[in-house]
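Each of the two complexes below includes subunit A, the first together with subunit B, the second together with subunit C.
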Partner chain A sequence: MIHYRLAELAELTRHLGRTRQVWQRSGAKEWCQADASNPPPLEAGRSVQSAKGFFFAEQEHIFEFDGRYFRETLPKPAPFALIGVSSCDLVAIAYQDQFFASDPHYQARRQQALLVGLECTVPCEHGFCPTVDAGPAARPGTSDLVLHPVGNGWLLTVTSEQGRKSLQGLNLTTAPEAMKQQRQAQLADCERQFPDDQHIRDGVQALNAGTVNASTWQQMGVQCLSCSGCTSLCPTCSCYGVQDQSADQTITRRRFWDSCLYDGFQREASQHNPSDDAGARVYRFWYHKFSDDFRKDFGRYGCVGCGRCEATCPGVIGIHSVMKRISQHD
Partner chain B sequence: MTSLTPMVAELVDYYDDGEAARHFQFRLLDQQQWPPPEPGQFFMLSVPGAGEIPLTFTQLPDQNQHWWALVRRMGSVTSALFRLEPGAILGARGPFGRGWPRPGSDQTPVLLIAGGCGLAPLVSQAERLLEMNLGPVALIYGARSPEARVLGRERDRWQHKLALFEVIEQSPGQTARRTPLDALPDVLAHWGHEPGATFMCGPEAMMTALSQRLIERGIPPSSIWLSLERRMHCATGTCGHCYLSHRYVCQSGPTFGWPELELLMQQPVTTQTPPLLSC
Partner chain C sequence: MPGKQAVQTICPFCGVGCGMHLLVDDQNRVAAVSPQGDHPISRGKLCAKGWSTPFAIEPGDRIRQPLIRTDDGFRPASWDEALEVIRYGLLDILSQLGPTAVGVISSARASNEDNYAAQKFARAVLGTNNIDHCARICHSPTVAGLKQTLGSGAMTNSAADIDSAEVLVVWGADATENHAILGGHIIEAKLRGATLIVVDPRRTRLAKLADLHLQVKPGTNILLVNALLHEIFRHGWQNQDFLDSRCEGADALRKSVRDTSPTQLADAIGVPAEQIEAMARTYGQANSAMILYGMGITQFVSGTFNVMALSNLALSCGQIGRPGTGINPLRGQNNVQGACDMGCLPNVYPGYQDVADPAVRQHVSDYWQCPLPDHTGLTSMGMTQAALRGEFKGLILFGEDPVVTDPDQNEVLASLKALDLLVVAELTMTETARHAHVVLPAASFAEKNGTFTNCERRVQRIHQAIPPVGEALGDWQWLGAIARQLGSSSLDWTNSQAVFDEMAGMTPSYSGMSYEKLARQHGLQWPCDDAAPEGTPTLHQTEFPIGRARLIPVHHVDIDEPADADYPLQLTTNRLHFHYGCGSMSRKSPLLERETPDGILFISPEDARNLRLKNHSAIGIRSRRGYLETRAIITDDLPPGLVSMPYHFSEAPSNQLTNRAMDPVSKMPELKVCAVRITPLPEGQAPRTIQSIRASAAPPSARENS
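For the complex of A and B:
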């Protein structure tokens, strides 16, 4: 692996901006298109939204129908770079890459993207990436380049062939050994600072052992407002619905993010609803994230430990609240 | 890549059959071809402007890519379909899912059990069985009322080829409700065979109860096959709507062997809806 010293992040932003659109987090919070000549400062930490929407669009058109023919409306994005994807979100993208491997709309966007990771040096609020093998160090095979803040500058690590090619023409100096050692020390220090995660380990075990009783799930079902905050912000949630719209002799089918926590998610036209119980839907969400059944198919759990569900849930049934509850009820 | 964009299809013909049910013939236009479907597989029909729904084949596509499907008018998409006339342009994708297994000669006699429109996915399997002529075939067909029965032409055609037992839940002069579950012991006694393979489709609670009843009689669980109905938006295993545990019915189903399905149906919270045993 090649490591470079990067004095100014703007050097990288300007260089990548010559051949691609560059998106960067503004501070730690929001994704915005970066002005390559004057990029915003970059801080580690959890963005409000993950990078999910860059590939699995919140809503998009599938096709247009003119009365005789269907025309597939695949996205044709210009090449783009995402600078500052946290390690947990990189793992989530790798997870969705597997899930949407045959989805032409997802892949049309994904194949145009260069992922520049950003490793955290302090735990974020509610985050628990080490518990689910998703951080704070960027996991192998999830990025093209990785940034790590060292002193006043950055350690830039090349993690893919695409990443190596993207740096061609940029005059960088190889990072000294001390920078790499400092990265390791900072990551180890960060990992030590994460709060105790025993409730998550116990909760996952209870979920898989099937020892959580129905009334516990149903109590949490009462707390679920079906607001879809968790499923929208979860970087691995992937459910969608489709709907036809008519305008000016053209019918368009669009797809949009859906949520397994909506009571009508599985309801059929006959009104038969296999998941009409709110507790069953809450169980479904957590089963999808932490079941060993899915782990066999995907090689890992469907949760990357970002903690967004805990931060957003108005009903207090995010990750920590749920795991504390189910680890105590058996 | 699996496209969510349909092929162009045409509504060729239709005829009514039972309450709010209609047979539709479709064909693919523009020399498009599908891989040959298996009995029990399904396709996605787009009614542009209304949406897309999964439908089973009652007659598999022929070499000219013409096929039939039975549709009950139930929601917005089927209602829009019922307003269309031959020549209407539609969209179709398929075939999808796992169909019924092809029975071997050691899996006879064969029992088919259908409730209401659940007979539709069994039609092409019944035709295949009769063509294979492996041994006796019986069909228990349950319906809410005489008027709710569907596939009259097919049942007439099968009259002398298989043992047909019709169970009407509510008919004039009949006081007790009667479902295929109630009728099972009498039917098997009258038929005089124990099934070597059972294929069924109908309300899920009815199928679950029937499977358990058959197993209590000593029928091997691995010889029982069921076809499920689920809401579907993609048929490619990505929209999430048809989940059943860690599987998607559009890809792992719609037909399941009982041992697999029994495992998939295990979950700590069960539905609060009263079990629908009727057809």
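For the complex of A and C:
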């Protein structure tokens, strides 16, 4: 792995901006297109939205049918770089890369992206990435470049071939050993600062042992307003719905983010609903995130420890609240 | 790409006023929304409606240019042509019948700037006080009732007070469905250890989580308050210091509840006396107790008295004027507080300044530099009645769908058909817009600048994120264009900030506000003036606007239409978390539309059994005013004898059935209870939409009555 010392981040941004659009988080913690010639300061920590929407669009057309022919509506984005993706969100992208491996719409966007990670040096509120092997250090194979703040500058690590190529033409100096050691020390220090996660480990165990009774899930089901906040912000949620819209003899099928917490998610045309009960739907969500059944397929749990569900749930049944409840009620 | 830019604004649904960012893509569309983490109320959360905002305003079926009625529908027209039609229409009516025959219904979904323009247009350009909006059917009794007892008809405290209250009383409000983020705060408070008491005939989500649920019979609010007061005075739980120093009328109130003990009233209220006693004990002895209420208080013929009763309860225990207390109406629409504040009411100018007061009128007349009408105007339902009598001929209406949302649909339709000129400005074609002579394309909240005032009196900026769809205009802009057609330049503003500044210059409670100041923090809560330059989170801390608060004894008022042999069930109305008002925005989301149940008549297992209904059985529902068909959803959230319907659905509108009997003070119709009869449809017969029932040659009503 190659490590460089970067005195000015803007140098990198300007360089990448010559060949791609550059996206960075704004002061409001939202991803926005940045002016590469005059980039805003890089904000560490969790963004409101993960990078999910860059690849799995919140809404998009997937084909058109004019009565005779089907036409594909693949996106053709210009190359772009996401600068400052946190380690947990990088893991989530790698997770979705598996799920959408043969989805042409996802891949059309994904192939154009350069992922520049940014490692956190302090835990974020509700975050628990170390518990689920997703941070604070960027995980191997999840990025192209990784940034880590050291002193007044940056340690820039090249983590993929695409990352190496993206730096061609940029005059960089190799990072001294001390910088790499400083990074390790900062990451270890960050990891030590995370609050106790026993409730999560106990909760995951209870979930997989099947020892949580139905009434506990039902009580939490009463608190689920079906707002879709958790599934919208969850960086690994990938369920979508489709709808055909017709105009001028053409039918367009669009797909959009769906939520398994909606009553209608699994309701059948006969009105029969296998997950009629809100508690069963809450259970299903957490089962998908933490069941060993899915771990086999994806090589990891479907949760990257970002804590966004806890922050956005109006009914107080995000990750920590749920795990506290199910680790106590066994 | 998701968000080329993120534009900060306020959610367009409900009165909570959550902060959100609109993520605008490279084709200038709102691709997604994102919750605002540092917003003081929503704190990084949104409800199902908020999350679906992009669907609500998407260009698909938006009205893109003015439409003029033809014999068989509408034809597209230019703005010039549409304005010309409106001008001739208005001038005709004005010359024949004068300004009392025209009026404006503004929109609680539109901005303060739009609403200020609407009432100024009615008063200064048309010369009439015929200006109203949908607050008539949500919180007009709040404005009327609290104005009398406290001197100000708004939420006395703030959303943040839910965090600090020791006791929370949710009365006739389904907060997790209608004000979901605020409902979430209540769940959070309950989990942290606050005592939660719910008063509601339906077993709502909060009722299921509550420490105490009083499942009262509809229309017994005053009985319950008086029983609570009896118990509180009997045990000496009243706050005597507060009564002595801040209120008047305590003795008369105390006398009036001498014979209203829980034991005497329990049967009439429909809950055990012990529950009433427990509630009195908890509320009466709390250090801080907060009342939050909704349409279950206001939508009765006793609406204003119900509000005054709640006021008596809070005042007697001194639960007002401090953090974590108060009497707090939960307002339905994003800017219904603002539409009231702006004076879109027939009896007050902006800031609730009395139209009938000659000195006030002179002051406003000087400020606007035009003569003003001296008669109080018509309410929205007054306009309906006057239209049926042939005395009211021209209506300009925007962002509302009274055909779906107002009581007694058939009468509303008849009144619209009696108009010579109906102008409707809308995002999409609504049931009401279908009856218009001219339809104007309105800009959505994402397409304009302005302010919304939420239910805790917080004035917050909305920012334009995308250009208007087609030729759409903001409401103050097209109102200005009509004014110019009529020869008036009084609505000639250059931007929304100029409208705001003019408004703040004549509205005392907004006088300390400007766009710059609003931008500095997350809005400002009125009153914001020289005395309170940073706004006022808690009202009435040291004195009431009327000096001492008034305790006014109120007595039970019977509901207008109890169940009887012909119509043996009581119908109440409710709302679903997934839908908003007439559904014109929320029903555009395929996800929210999918959440609409197959049927929308909620019925108890007992009543279903008696009627031999299965879940999803097709049924007909009849009241003395109308008939509709839908399917039954069996739920034990309802007690036997009471059925419930949401009003969002134009194909099965509950307002076919509802009663227009009104609260005499506020003219609020009794939407919360009427008598109905339910009959199962024959096996295999699907429910028909109201449109197809109307179109059919021999409707069942005709058959049955013949």
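By definition in this document, the second predicted complex is superposed on the first by the 328 of 330 C-alpha atoms of A that agree within 3 Å, B and C clash if a C-alpha of one lies under 4 Å from a C-alpha of the other, contacts with A are read in each partner's own complex, and residues count from 1 in each chain.
The rule we apply is simple: a residue touches a chain if its C-beta (ideal position, glycine included) is under 8 Å from a C-beta of that chain, and two chains touch if they have at least 3 such contacts.
Predicted model, so just to flag it, every value in this text is computed and none were measured.
Following the overlay on subunit A, a side-by-side fit with no clash is recorded for the pair subunit B and subunit C.
Touch criterion not met for A:97: it reaches neither subunit B nor subunit C. When the two structures are aligned on the shared chain, A:258 is found in touch with subunit B and with subunit C.
When the two structures are aligned on the shared chain, A:43 is found in touch with neither subunit B nor subunit C. Contact with neither subunit B nor subunit C is seen for A:191 once the two complexes are overlaid on the shared chain.
In the superposition on chain A, contact of A:291 is made with subunit B only, not with subunit C.
Judged by the touch definition given at the top, the superposed model places A:312 against subunit C, while subunit B stays out of reach. More residues of subunit A are in touch with B than with the other of subunit B and subunit C. Using C-alpha centres, the superposed arrangement gives subunit A a vertex angle toward subunit B and subunit C of 80 degrees, stated as a multiple of 10.
In the superposition on chain A, contact of A:11 is made with neither subunit B nor subunit C. Legend: residue contacts after superposition of the two complexes on their common chain; A:59 is shown touching subunit C, with no touch to subunit B.
When the shared chain is aligned, subunit C comes close enough to touch A:32, but subunit B does not. Minimum C-alpha separation, subunit B to subunit C, in the superposed model: 10 Å. Contacts of subunit A with subunit B, set against its contacts with subunit C after fitting on chain A, overlap at residues 241, 243, 258, 267. The part of subunit A that touches subunit C in the complex is made up of residues 21, 23, 26, 28-33, 48-49, 53-54, 57-59, 77, 80, 222-223, 225-229, 232, 241, 243, 245, 247, 256, 258-259, 262-264, 267, 271, 311-316. If you check the complex, the residues on subunit C that touch subunit A are 1-6, 8, 21, 23, 31-32, 34-37, 44-48, 50-51, 54, 60, 176-177, 180-181, 183-184, 187-188, 191, 205, 208-209, 577-578, 590-591, 594-595, 598, 616. If you check the complex, the residues on subunit A that touch subunit B are 62-63, 65, 67-72, 99-100, 102-105, 107, 210, 212-214, 217-218, 221, 238-244, 246, 251, 253, 255, 258, 260, 265-270, 272-277, 279-280, 283-284, 287-288, 291, 293-294, 297.
Residues 1-8, 46, 48-53, 74-78, 89, 91, 203-204, 229-231, 233-234, 236, 238-246, 266-273, 276 of subunit B are the ones touching subunit A in the complex.
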